[in-house]
Each structure stands twice: as structure tokens, then as C-alpha cells.
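Two complexes, one shared chain (chain A), two partners (chain B, chain C).
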Partner chain A sequence: MKCKKCGGKAVINMPQHNMGLCKDDFLQWLPEQMQKHIKKQKMFTPEEKILVAVSGGKDSLALWDMLNILGYQADGLYIALGIDEGISYSSESQRLTEKFANARGLNLHVVNMTADYGIDLPTLAKETRRGRDKPCSSCGLVKRHEMNRIARDFGYDVLATGHNLDDEAATLFSNTLQWNGDYLIRQHPVLAERDGLARKVKPLFRFYEKEMAAYTLLRGIEYIYDECPFAEGSTSTQYKELLNQLEHEHPGTKIHFFTKFLSAKKKGLFAEPTTKIVPELHICPKCGQPTSAHEICTFCRMMDRVNQ
Partner chain B sequence: MKCKKCGGKAVINMPQHNMGLCKDDFLQWLPEQMQKHIKKQKMFTPEEKILVAVSGGKDSLALWDMLNILGYQADGLYIALGIDEGISYSSESQRLTEKFANARGLNLHVVNMTADYGIDLPTLAKETRRGRDKPCSSCGLVKRHEMNRIARDFGYDVLATGHNLDDEAATLFSNTLQWNGDYLIRQHPVLAERDGLARKVKPLFRFYEKEMAAYTLLRGIEYIYDECPFAEGSTSTQYKELLNQLEHEHPGTKIHFFTKFLSAKKKGLFAEPTTKIVPELHICPKCGQPTSAHEICTFCRMMDRVNQ
Partner chain C sequence: MNIFIDCTARNGKIASMKKTSTIILRDKKYDVKAGSTIRAALLKLEILPESVICIRDGELLTEDNMLKEGETIKLVSVISGG
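Let's turn to the complex of A and B:
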């Protein structure tokens, strides 16, 4: 297969775009595309301060790398969750994240659950009803809380996460299977800032997981190859596999599924909700963060329970 | 497994309802459920005349059987398409349909494409652009035209088809993958009558294909087991297989996917369309049927083309 731009040897085939590209052209095309959609979706400007949530995986490291290449002011945030039973998942991902940041002279915030809160995530999850089966729900709660906290404390305008198209399509698939109206109406690569919560953006929302893997490989970025051990067998992994089956039969299924959803929504497919999707926020008296929970926020309530 | 009603030996397990039933209870439960949803969805009353589109397959024969048991005035319509290349698909399905009707003294209309229009469906499809790859699109057009014609000529109030839950879920899946707003807004087990077109209803919309197969088997109804030879490898077959994979992992996926869609729609998830989904209808000057096409209807135009 030939590179569509220069006619050289293609290293990646992207049937959904009916295009193959050589290494140099792919490494130029991907950040250019991202830049185009950052502007189109009004995600952020070069004047704004960005906090990138970095896990040590390919997507978030590649995102940070591209933001850096494009000249944005992007600092990283790594949350050390202490998932080190069996394999050293957290230690290894932290090592790779710090190595990436140091090699490029980038600024990295590190939150350490054990040091900052006296408990690691697997223990926390075990001790709460929320995480009896799987700690994923507690993990999401902790990560959201800490991302919002660091963004607020250090004055970041926007929080960027490395969700790629496969992630977004699987989430949309789940929301659609259940016709979860509130989630369908909210799902978008840009969530506006509100009441002290930073804007949230997903600049990789149009890129296939395969493209992100190719990017990190071709850029020589070391990343943690293993999935989080708790993700194994999750529903979202099943949905990704199903969507990959469809993609295999009909190239472009995933990107059309997601982008047609966005454009149908923009054209007014969904009715304006009659009640507020997210209720009024107030300030949690313990941590000072905006919350929709009754009085104390869910994060602080969970921490109180395990510290009793 | 035990029958949930009588404690006897269950012949069918329906994990989506967390229920197994014995033969007698299943044969009572299925028509009762159908009756319940015919009323709930206001499909038709015992005073109305129903035309059932019968293909000779399990779903449409079971539908006709149950309508008969429930005391509705339901006549059948069989459309002989002449799909007899290789296997005698049409001849055999016609034979089984007539056998079913005769054994029960039911009234059956038969439309024969070759006798009535001088051409069979496979030939028609080959000679039109519409059917170059697959005749399914021409077939749908012919069937809709003939169902509407017989319903109008013989004064039926309502047209019933044997689409089951697997069919409806696969259609919904397809409409959702493409976020086809017009189709999503229109998809419903009841389409109201309008401008000379009979009401269209799908009384089996809550029943799994597996349940319909069990019903015909337990009732001793002979039906054509083969799928239409042209359906093989179709997208809708692929979608059904995917949904079956999900159903296997999470029993109830199919019925929840479809019924949650209906209830989200009822609760106003979708905005009222700003333009008419189905444009104004006028009468085709050739066949006298309502059509949204420019002047002559699509069916007559297709027939004109092949008869030139």
C-alpha cells in the first residue's frame, strides 16, 4: 500500500478514511487533524492553561505529546492509585509517565492516594459498597474528584483526557442500548465549565485506538501496554469488541456511529430536557468542591466511611 | 427447569423474563401477552378487519394462528414472488401457507407476480438499478405496494406483519448506528392510517425469534424453515447475530433495547421534527395508490421500465 500524500510506502492503512500514510506523513497528519477539531469544537485556545490527565497509557501520553508539539500550554496530572497487586500496574505506569515528562521538560503533578489519603484504591473499593464487585466505579469517582481539585487549585482553564474514538463509541453504544436520555444528551467531546468546574475536553475523540497505538510506536513513546487489571471482561471491553467486529465488516462504522450522533444532536434530534440533567451544584463543606450530592460530596462521604 | 406457573417440566426458558414455562402454559401465555400489547398499543379492536401478511415462515403463521385463537377477523395475504431458483423457496412457502389456511378454513388472498404483472421478482430486480446487488429493496417495494393495494381494494382497516423482536431490534440497531433521525422517530409497532393507507401494526414486537419458533413447533404448525435465499449475509442478519451475542452475555438486552427506546420516545427524548418526515401524499395516476413520489409512484415506474 502506498502513502496517499507522497506515494512512499504506507505504514498505516485507515480504511475508514480510504487512506494509507507513510511514517512522516502520518506523524504530521494526526496532530494536524487534532488541531483542526480542537478549533472546530472550540476546545481551547493557545492562551489557555490545559491540564492533561495522564495514565501512562498510549492515548494520554500521545495526547500530551501532540499538545506539546502544537505549542499548547499543557501540564500533566498523574494519579497514583496503588493498583499493584500481582502486577506493578500503578508503579510502572507512574515510572513511564515521569520518564516521558522528564525527557521533555514538561510539568507533571502527581497525586498519591496512599500518601494523600492514607488508602490505596483497591483497599478503598473493597471497604465501600460502591466497589464490592469491581473498583471501577470508585476509581472513576476518585479520578474525577482529583482532576477537578488540581485544576481548581492550580487555576487550569481546561481538563483534557485521552479518550479515543473506541472509548467514545463504546460509551455511546452503552448509552444507546439503554436509551439513557440524560447521558445521550450530555455525551460530547466538550463539556462547558460550570460553577467552579473546569471545562472538560476529549481531543482524541475522532482517532481509532489503532491510530493512537501507531502514533506512540512511531514516535518511540514508551507506554504501559497492559490494560488496568480491573478492566478485564468489563462491559465496555465487550462493546469495543463488538464494534470492532462491525468495523471489520464495514470500515468506518465506529467513526460514523459517533460523528453522525454528534451531527444528529447538533441538528436537534433530541428534545431540550424539561428538567435539569445535572441538578444545581453547591460547595462541599469538607473539600470545597462543587457537588450535586446532598451536603457533603460523594468523594468525602466515601473517605469518611473508610476512615471511621 | 420448572414451569413458573404450574411447577411442571418447563419446555422453554426465557431468561429475559426470568421464567420457564411448560407447553400448555407457554401456549396460553404467548397469545395472552400478545393480546395485552395489542390493547396497550391500541393496534386494533375485534370489530376491525385485519389483513395479515403471510410469508409461510414461522412468525407470520404463528401471528395468524394467534389472531384466530383470540377471535379476531384476520384474513391472510400471500405474495408469490417467484423466488424459485435453485430451491423452491416461493412454491414451498405458498404450499405451506395454503395448507395452513385450508386446515383452519381461513380466507387467504394470493397475489402472483408472474400472473398479475408478467414478471417474477428475481427477474424484475435484475432489470432495475434498484436490485443490481440484491433484490431485497425491490422486494420490499413490491410487498408494500401489494399489501396496500389488497388492503384498500378489500376494505381492511389494518395491515399486520409478523416482525418479531429480533427483527425490530436489528432495525433499531441499524437506524441507531447511522443515527437516522427520520427512521428513529418513525419506528414504532403501530403506524397510524393516513390518506388512504391502512394502519400498520406489528403484534409480535415483544417476542423473541426463539419464542416464535417454540410456538410454531409446539402448535404443530408446518412452516418454511429456510430463510429467503437472498437474505443470506445481509446486514440485518449480521446485526441479529451481534445482538444475540450480547443477549447471551446479558439476557434481556434485546427486549430492553427496544422497549426502552419506545418508552424514551414516549417520554419525549426526540424533538418534534421541524419538517414533515413523510411528505404530502398524492394519488398515483396509474395504480390509484397514495404515493410521495413525483407523479407516478415508484412501483409503477419500476414496472413501466421493465415493460418497455
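Let's turn to the complex of A and C:
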């Protein structure tokens, strides 16, 4: 296959764009596309300070790399959850994240659950009995709380996550299967700042997972290849596989599914709810973060339960 | 003149003359027929090309490349869950 731009040997085929690209053109095209959609979606400006949530995986490291290349002021945040499960998952992903940051002279914040809160995530989930056998619901809660806390405490304008198009399409698929109206209304690559919640953006929302894997390989970025041990067999993975089957038969299915959803929303396909879906927020008296709970926030309630 | 090649191994079975390549995904190794495209080999193994990237000697390559005899293609799964 030939590169559509220079006619050289392509290293990646992107049937959804009817295009193959060589290494140099792909490494130029991807950040350019990201920049285009950062502007189009009004995610942030070069003057704003960005906090990138970094997990040590391919997507978040690639995102941080591209923001750095494009000249944005982007610092990283790594949350050490204390997941071991026989493969030293958290310590290895932290090592790779720190290695990436040090090699480029980038600023990295590290939150350590065990050091900062006296408990690791799997123990926290077990003791508070959140979720069934897996700590995924506690993990989401901890991450959302800590990402917002660091963004607020250090004065960041925006919080960026490495969700790619496959992540977004799988979430949309899940929300559609369940006709989860309030999630469908909120799903967007840009969530505006409100009531103490930092603006959240997903600059990779148009890139396939395959493109992100190719980017990290071509840029020589070392990332944690092992999946989170608790994510094995997850529903989102099953949805991604299903969507890839459709993509295989009909290239472009994933990107059309998500981008046409965004267009439909913009055109008013989803009517404004008659009752208020977005709950009112107030300040948690304990941690000072916004919460929809009536008294202290869910995070503080969970931590109180383990500290009793 | 007829030339006969003795393909009989010591155990009496006919030795395989098939030309193969190797595909590796995580800790699994697959022997596949050389001479077809990587894409055809992946589909035969029921691996969707959309879910992997293919690497030969550290270089990324598209699935329309032909598999050469004796070479090894490493696949990297691109799906991350959670």
C-alpha cells in the first residue's frame, strides 16, 4: 500500500478515511488533526494550562506527547491506585509514566492512594463493598475526585483525558442499548466547567484505537501493554469487539456512529428534558469539592466508611 | 528422467514441505502459510485486522503485505478495556 501523501510505503491503512500513510506523514497528520479538532470544538487555547490524566497506557501518553509537540502547556497527573494482582500493574504503569515525563522534562503530579489516603483501591473497594467483584466503580469515583482536586488546587484551566474514538463509540453503544438518556445528553468531547468542576476534554475523540497504538509504536513511546487485570472481560471490551466486527464489514462505522451522534445532538435530535437531568451541585463540607449528594460527597463518605 | 525426493522421515511419516511464516499474538504462536497476505492469514485465524497492529523486525506494516517464508510477524492488540 502506498502513502496517499508522498507515494512512499504506507505503514498504516485507515479505510475509514480511504487513506494509507507512511511513517513521517502519519506522525505529522495525527497531531495536525488533533489540533484541528481542539480548535473546532473550542477545547482550549495555547494560553491555558492543561492537566493530562495519564495512566501509563498508549492513549494518554500519546495525548501528552502530541500536546507537548504542539506546544501546549500540559502537565501530567498519575494516580497510583495500588493494583498489583501478580503483575505489579500500578507500579509498572507509574514507572513508565515517570520515565516518559523525565525523558521530556515534563511536570508530573502523582497521587498515591496508599500514601495519601492510607488504603489501596482494591482494599477500599472490598471494604466499602462498592461494585460486585471488581473495584471499577470505586476506581472511577476515586479518579474523578482526584483529577478534579488536582486541577482545582493547582489552577489548571482544563482536564484532558485520553479517551479515543473506540472508547467513545463503545460508551455510546452501551448508553444507547440502555437508552440512558441523561448519559446520552452529557456525552461529548467537551464538558464545560461548572460549579467547581473543571472543564473536561477528550482531544483523541476522533482517532481509532489502532491509530493510537501505531502512533506510540512509531514514536517509540513505551507504554504498559498489560490490561488492567480488573478490566478483563469487561462489557466495554465486548462492545469494542462488536463494533470492530461492524467496522470490518463497513469501514467508517465507528467514526460515523459517534460523529453523527454529535451532529444529531447539535441539530436538536435530543430534546431538552422537561425535568432537570443535570443535578444541582453544592460544596462538600469535608473536601470542598462539588457534589450532587445532599451532605458530604460520595468520595468522602466512602473514605469515612473505611476509616471508621 | 524422473527425480524423486525422499520426504519420508525416520518415523515413517511424510515430512511437511509446506512453507510457513509465524504470527505471534501475546503468548500464542501460529504457523501460517507463507505467500498469502497478512490480512488473509489474520482472517483465517479469526483475528480482526481492526483489532491489531502488525510488526515485522520492529517495523509497522499494513496488512496487504505478503507473508514471506520463515518470517515472524508480531501482532499488538490495540483494544484496551475498563
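In the analysis below, the second predicted complex is superposed on the first by the 307 of 308 C-alpha atoms of A that agree within 3 Å, B and C clash if a C-alpha of one lies under 4 Å from a C-alpha of the other, contacts with A are read in each partner's own complex, and residues count from 1 in each chain.
Criterion: a residue touches a chain if its C-beta (ideal position, glycine included) is under 8 Å from a C-beta of that chain, and two chains touch if they have at least 3 such contacts.
Because the structure is a prediction, the values reported are computed rather than measured.
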| item | value |
| --- | --- |
| Which of chain B and chain C A:236 touches, first, second, both or neither | second |
| Contacts of A:12 with chain B and chain C, given as first, second, both or neither | second |
| Which superposed partner A:280 touches (first chain B, second chain C, both, neither) | neither |
| Touched partner set for A:245, first chain B, second chain C, both or neither | both |
| Which superposed partner A:59 touches (first chain B, second chain C, both, neither) | second |
| Which of chain B and chain C A:176 touches, first, second, both or neither | first |
| Touching partner for A:257 - first (chain B), second (chain C), both, neither | first |
| Comparing the two partners chain B and chain C, which touches a greater set of residues in chain A | C |
| Which superposed partner A:267 touches (first chain B, second chain C, both, neither) | first |
| Residues of chain A that lie at the interface with chain B and also at the interface with chain C | 245 |
| Sites on chain C touched by chain A in the complex | 48-53, 55, 59-64, 76, 78-82 |
| Sites on chain B touched by chain A in the complex | 176-179, 181, 184, 235, 238, 242, 245-246, 249-250, 253, 256-257, 260-261, 263-264, 267-272, 274 |
| Complex contact set, residues of chain A against chain C | 1, 10-13, 20, 23, 57-59, 136, 166, 208-210, 212-214, 217-218, 225, 227-228, 230-232, 234, 236-237, 240-241, 244-245, 247-248 |
